[in-house]
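We call the chains A, B, C and D, going by the order they appear; numbering starts again at 1 in every chain.
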Amino acid sequence: MKVKVGVNGYGTIGKRVAWAVKEQDDMEIVGVTKTRPSYEASTALREGHPLYAARAEDVDGFEGAGIKVAGTLDDLLKKVDVIVDCTPGGTGERNKDLYAKAGVKAIFQGGEAHELAGISFNALANYHEAWGASAVRVVSCNTTGLVRTLFPLQQAFGIERAFASLVRRGADPADKKGAALNAIEPSLKLPTHHGPDVRTVMHGLDIQTMAVVTPTTLMHLHCISVELKGGPSEKEVLDVWASTPRVRLISGKDGIKNTGQVMELAKDLGRPRGDLMDIAIWKDGIKMVGNTLYY
Amino acid sequence: MKVKVGVNGYGTIGKRVAWAVKEQDDMEIVGVTKTRPSYEASTALREGHPLYAARAEDVDGFEGAGIKVAGTLDDLLKKVDVIVDCTPGGTGERNKDLYAKAGVKAIFQGGEAHELAGISFNALANYHEAWGASAVRVVSCNTTGLVRTLFPLQQAFGIERAFASLVRRGADPADKKGAALNAIEPSLKLPTHHGPDVRTVMHGLDIQTMAVVTPTTLMHLHCISVELKGGPSEKEVLDVWASTPRVRLISGKDGIKNTGQVMELAKDLGRPRGDLMDIAIWKDGIKMVGNTLYY
Amino acid sequence: MKVKVGVNGYGTIGKRVAWAVKEQDDMEIVGVTKTRPSYEASTALREGHPLYAARAEDVDGFEGAGIKVAGTLDDLLKKVDVIVDCTPGGTGERNKDLYAKAGVKAIFQGGEAHELAGISFNALANYHEAWGASAVRVVSCNTTGLVRTLFPLQQAFGIERAFASLVRRGADPADKKGAALNAIEPSLKLPTHHGPDVRTVMHGLDIQTMAVVTPTTLMHLHCISVELKGGPSEKEVLDVWASTPRVRLISGKDGIKNTGQVMELAKDLGRPRGDLMDIAIWKDGIKMVGNTLYY
Amino acid sequence: MKVKVGVNGYGTIGKRVAWAVKEQDDMEIVGVTKTRPSYEASTALREGHPLYAARAEDVDGFEGAGIKVAGTLDDLLKKVDVIVDCTPGGTGERNKDLYAKAGVKAIFQGGEAHELAGISFNALANYHEAWGASAVRVVSCNTTGLVRTLFPLQQAFGIERAFASLVRRGADPADKKGAALNAIEPSLKLPTHHGPDVRTVMHGLDIQTMAVVTPTTLMHLHCISVELKGGPSEKEVLDVWASTPRVRLISGKDGIKNTGQVMELAKDLGRPRGDLMDIAIWKDGIKMVGNTLYY
């Protein structure tokens, strides 16, 4: 019997979650929600996902656009084992009680606070901790990126301490979020939340982070310095990453020099939606100085 | 027996051409060329396309990177019926003689001058003119866009005259072409070449064009005013486009308001590489004033 | 005796207005307003402008930041002959009654509707119409740009009809307005409001307009086609503009090819804040085809 | 008697140098060079700087544009005590011999290698070392930025070690340098040259650097972590910077949150060309964690 999954919020994240669930043999999508009859609602229907209005008051909007919904979120919750909350950051708080009342397990995304679920999750670092939980939070893309490259280093060598500067994109490609068109904007609250966020899945790691937002829509990029125990060679570090799932070593020598070219690679690889899904590391862009690795 | 096709220049355009050829039942890719062992060379091999060095002197570069090429362009030309020239604009000139000497039919792209092939081509407007030619030029993306929307209007109503302002992207997503990062740059030579270029496939059309380059990597956008004979209604115009192949009517009301969202739609449609391949027209962004249509 | 002027809203527009008033011999700034104790409030004080809180409830914010305000907008209105409303578009509506009740003449800016003041104004086109009015609206920057180049053409030759495509910047340099970072966004409501807006100062002109927003912060650029009576030569057109105040002929041959370089020119000219203040026209970017001028 | 100064290369850097020299009582500009009769050549003349052709073969170009030059670089070198080389990076190498042969002292800029002059210079850190030298290199803007904030910390507390991630703009505002329009591009050669460059003026400092290029034209931004001896408080650190010349403390609370707003502040301050000229540090964007300062 397949696990019945609902996706609350079929947007940038939600449609990727729904696609990934559909790819699994032991899960099925029972329905997805939208608040408005946008082109993404049409996408859901084209993909064969039953469409639910996020709230009762949204139903009229869909009907006005000639789209028949299968019900509301409340109806969907009666049919699923698990709901994946892909609503905008902060909305999960309000939904949590709904899910609990319906007796449905919930997965929140990294825009929510750790405290919301009490358990944060990264498949590589702490798979076991989420076992059997009734609510869990998957850490954000930036935190996931840090964990995927730092966790294998910690396992292989041990980490004395780490410092990362995150160079973030200003918005998703199709989004208008209010980033400045021609400016760099730092996070002024230091160190940023990314360090503590990494520690929700890599407990006790000594990591500090800073972050700036830049006017680009493609990927985030991290500049990381990490002191490793035992002082491994650059080759030993690359070997560790080469055997880490969903880490991809790329090379400037191959003509991949910026994030635009990384995205072109993803298209060349035939990845759905042109997403890379891996954490890319430039293998010719790392350096050991003493015990400190820069990448 | 399948038509044997070679692609000279497996880059942004070439890889799309090779993919499209592969999709046809009556054609096959015999080989593609590259000058350097970049990640796109790896893409060619992964796609199963035999890889040739563009020039004899390029062979060493491939071997140094551990890539074995199947020969050079000269070797490829001996094996194909048709070569599609996807080299950078202006390079086609030099290649023309090579192709002629090898007795191979050649297709050039819109970056080359009309005079190079003597025949320009758009599938909708002048399919018959290219019949049996030994060399033909496919018009550029901007010209194709103009033709796909203007030709059906000319067929249905007749065009008195047209004027288009082209708002162009500064570079391909993975490219660094020297566009200004935060500026708008007009073409100063007026009217621009696009008008005459349209006339290579829609002979005699009265059309003038202007163009500006803007700092974006996603799509070009055309602001067009066209005087139509007979003064059709907006609905009649939309009906014509609705039945035109590879024209797609989109709507701001569905949440598709900018080119970023058009590209998101292309991904939602599951299009390979996230390419739209259609000319998108906002159906809620057209207006008839007297006999003049604005879109 | 000098005309006493107040500026309601000391932001991007307001600080330029205050500067321009200060430059005049027959006017003086009596005060400017701000809602928050931002760095622009400090700028006002540094410039010697008495600072007023826009609303009574804003006073605490200033005092919390250690800034003593001279009163509120109501106090300022008692001291001025004229108030220049530089508040965000749409806010003027609410202020209009305040100004009328205080018996103060008001100047609104182009973000407000023509109907708000009943009289729109451009110094070149209809100076006389604003004479003695108790409220007047200065048309927007884009409309001003169109009028400054079209009005002299109409005077010299007569205009049959005009069509302009406006390529707009997405935000002011220091602003975050929610423009897409990497997309082109057209105005879907056609023709755009700019045509009717031009007619508020050039009555009866046959003009249609379209507009797109692009991800740049420097200047707007207009692609204009205009049918002129009598078919003047390009030289005659340039001569007309050369003698028009606040129109500046520039040249791509001098190395000024994009809006970034136009702004560099403004700095080279030593203009305050690096503002150009003129409408720049590329003299090597114009073309007459028949009776139609493209620029 | 005033020091006679020539500026070789009146471009983005050269015009600022010429302006700064003009502001001094004990120096005068004897002439500046240009290769082409661009608008910047006109700027030089408007500013009253005698204009020289950079090379003999450039003279014709100026004459063709109706600009009379005062001679060539060789002529200029006969008249000056000091030449400031503001030619594009790497060109200084070729000029060095010219200057030496003419017996003229030379100042190079940070785009040149330290070895070219043998002495690098920052007014704050090593003023005395350049005393009497016949050639000196002023370090680059990024290095200057690092030195201006790190040197006072070293003087006050001592620095154990420092790590900086530089988020760089892709081009000058009026420049088209080939930066990607919508991508982040890291420097792959690690650590970057900025660390060794800082050590040319702060000898022996333990500093490592990384750098990424982003699609913006306004300012560079540095994320710095520095281990300080003695563990000062945040207030003690701010006090040190507050008394450092050309360091300016800014605040996000005042509405200055990104580099666009920093540039707006520069305009508000009435700075020529809208340049800030100071190194801005967010006083509400610093944090001490143990002995490590993040800013």
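Here is the rule we go by: contacts are C-beta pairs under 8 Å (C-beta built on N, C-alpha and C of every residue); 3 or more make two chains touch, one makes a residue touch a chain.
Quick caveat, the model's predicted, so the values are computed rather than measured.
Enquirer: Using the contact definition stated above, find the chains touching both chain B and chain D.
Expert: Chains that touch both chain B and chain D, as defined above, are A, C.
Enquirer: Taking each chain's centre as the mean of its C-alpha atoms, give the chain farthest from chain A.
Expert: Farthest from chain A by mean C-alpha position: C.
Enquirer: State the pair with the higher C-beta contact count; candidates are A-C and C-D.
Expert: Answer by contact count: C-D.
Enquirer: Could you please state the distance in Å, as a whole number, between where the Cα atoms of chain C are centred and where those of chain D are centred?
Expert: 35
Enquirer: What's the distance between the Cα centroids of chain B and chain C, rounded to whole Å?
Expert: 40
Enquirer: On a C-alpha centroid basis, what's the spacing between chain A and chain C, in Å?
Expert: Centres of chain A and chain C (C-alpha means) sit 44 Å apart.
Enquirer: Going through chain A residue by residue, note those that touch at least 2 other chains and give them in order.
Expert: In chain A, the residues touching two or more other chains are 169, 173-176, 180-183, 215-218, 258, 260-261.
Enquirer: Provide the residue numbers of chain D that touch chain C in the complex, in ascending order.
Expert: Going through chain D, the ones touching chain C are 15, 36-40, 42-43, 46, 173-176, 181-182, 217-218, 250, 254-256, 258, 260-261, 263-265, 267-270, 272-274.
Enquirer: Under the stated contact criterion, what part of chain A meets chain D in this complex?
Expert: Listed in rising order, the residues of chain A that touch chain D are 163, 165, 167, 169, 180, 182-191, 208, 210, 212-219, 221, 223, 225, 252, 257-261, 282, 284-287, 289, 292, 294-295.
Enquirer: Per the contact definition, I'd like the list of chain C residues that touch chain A in the complex.
Expert: Those residues of chain C that touch chain A are 169-171, 173-183, 215-217.
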